[in-house]
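Lettered A, B, C, D, E and F in written order, each chain numbered from 1.
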């Protein structure tokens, strides 16, 4: 990650709630990689940032990814540092995770594994939702 | 109302760019303001001035160029995505500018709605 | 919160996944290949009718016409791009693409 | 259709069985449009060409498509002329069609509506399969 | 005839649709996001085990590794790109992408 | 054995181009011949010489250029798809040529196998 320079804290008068929805698997498309890039930049702007992982997006957090043989960057480790970047919540859909044979122990970082009703309520509160 | 538009896929391959274009036109026709259009991922391919589609097909990059110039809309092309795909100031459509992801955040803050189009 | 779906529900999971999260006050807009979900007489119709009991469902007229979908499920409201803009003006948007 | 010039008959010594599999809906992506372009060019080469329509590909043949309002070309009519181009068979998957609420009467041209076993056998006989 | 599948079976219909057409002698190769179908312990495992009774199923090692999929369903054979090439050399290919 | 390769999606956005590249390398390493690589749809975007990806990322068009030149492989870029996307002789990678869909048919006839990579 980190092709752009991560700026110092930006000050704006408005504070909004931004939600990043990770729905796609890593490596098959560039979407989740680029979603993470946006979060890292946005973190400098004093906004309220959360992320939801559902559908194949839960695979983004899977432990043990080694991408050398397909020649692309391994970026799951970057999800670990999101808390330091001020991302308030990382929600993972419980059913999406279990349908894929995984539990929280399979994930690279601590998250909140929640039911669909919780995610529905999180979505409802947002000002901006960005799908990746 | 102020709309922001985010386009994440390229021209011709998927309908995303077409949908965004028709949505943006309808928004302007209804008297809304478009605070900015951000081209990200393959979306940056919408902004090459080099395309020469068949005469009986739509010219997607020209259409975007005309639209943003006519309506004074800020059209921002993600620099990292553009570099990966060969979009530079030398082949960028008129009316667009290349900049960083900070601009996407600012658009999200500034606009009342940020609408994403992609595949 | 307006949910928008642009994939065919017969080959992609987007609509199904979106329906897990919509709350009662959330309208759903089908556009691009998503409009196939609005067609009457399909294997999906019973599920869409169930959804219509609690949620407003819209489908984009231009995309329906482009795909030759003339008969839509009763209760699904057709909007054009101007109506799409109105919906986004009324609601925050959650693009379920 | 028809951006390229369709050549006069090409002679080659080899004759192969080519199958075009249309699996995607029209207009959402350019795939089926481009598949049709390939068929029209290939028709000049004296090969054995067939096409299968399954999954969302059956929508390519739907009657009544009017694309003016989304600004793209309407190409379903071109499927009507494939027979004149020497395409031997147009197979449509029966279940894919009926799940989508359609029958042969909804299609722009005469086709063979067949079961999955028939399509499986058609696929098995091919030299080259091209997915669109 | 070798069928190749590159999409996740949990969100795309490719694998399901491919399985309708495979005949007994047809091997199936999972690659890219398709390899998630090879993972053990998922909701799809019973169906994959059913398929394994009649068909050989392969999964691309490089893509499994990239995605951190270490435990695969018993009976699924792992191949690297060289093995992918061998499979295509042995069979005609039907890319179910 | 003679392989033909058809690439229908662009660089970076989907894995298709990467998969095709690794497959092609493995085929050559095994002593097979690659009778041709045909870039179609967004696949033509793999052949722009203008891309400048970050130094720590793969340079997809350079990689293709080096590979086809080193192994004497015919790399064909669909003219109609290229025009829609702004790929011209002026920005085409070395080792590739722009031509028509007839070349794809000929590749399908000539090769023992035609392998398609796309999204």
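In this text, a contact is a pair of C-beta atoms (placed from the backbone, for glycine too) under 8 Å apart; a residue touches a chain by one contact, two chains touch by 3 or more.
Quick caveat, the model's predicted, so the values are computed rather than measured.
Asks: Turning subunit A onto subunit D with a C-alpha fit: angle in degrees, nearest 5?
Replies: Angle of the fitting rotation, subunit A to subunit D: 180 degrees.
Asks: The D-E interface: which of A-C, C-D or A-E repeats it, judged by over half of the contact pairs being the same residue numbers?
Replies: A-C
Asks: Contact counts by the stated rule: is the higher one at A-C or A-B?
Replies: Looking at contacts between chains, A-B has the larger number.
Asks: Compute the distance, rounded to whole Å, between the mean C-alpha positions of subunit A and subunit F.
Replies: Roughly 33 Å, centre to centre.
Asks: Go ahead and note the Å separation of the Cα centroids belonging to subunit B and subunit C.
Replies: 25
Asks: Calculate how many whole Å lie between the centre of subunit A and the centre of subunit E, each centre taken as the average of the chain's C-alpha atoms.
Replies: Centre separation, subunit A to subunit E: 28 Å.
Asks: At least two other chains touched by the same residue of subunit E: list those residues.
Replies: 6, 10-11, 13, 17, 32-33, 62, 92-93, 95, 97, in rising order.
Asks: Which residues does subunit B have that touch at least 2 chains other than itself?
Replies: 12-13, 15, 19, 22, 41, 54, 57, 80, 114, 116, 118-119
Asks: Two-or-more-chain contact residues of subunit A, please, as numbers and ranges.
Replies: Expected reply: 3, 23, 27-28, 30, 55, 70, 72, 128, 131.
Asks: Can you name every pair of chains that touch?
Replies: All touching pairs, sorted by chain label, are A-B, A-C, A-E, A-F, B-C, B-D, B-F, C-D, C-E, D-E, D-F, E-F.
Asks: In their shared complex, at which residues does subunit C touch subunit E?
Replies: 10-14, 17
Asks: Which residues of subunit B touch subunit A in their complex?
Replies: 6, 8, 40-41, 79-81, 100-102, 104-106, 108-110, 114, 116, 118
Asks: Which residues of subunit C touch subunit A in the complex?
Replies: 1, 13, 17, 20-23, 26, 92-97
Asks: What residues of subunit B sit close enough to touch subunit D in their complex?
Replies: 12-15, 18-19, 22, 54, 56-58, 119
Asks: Please output the residues of subunit B touching subunit F within their complex, sorted ascending.
Replies: That would be residues 9-13, 41-42, 45, 48-54, 57, 61, 80, 83-88, 91 of subunit B.
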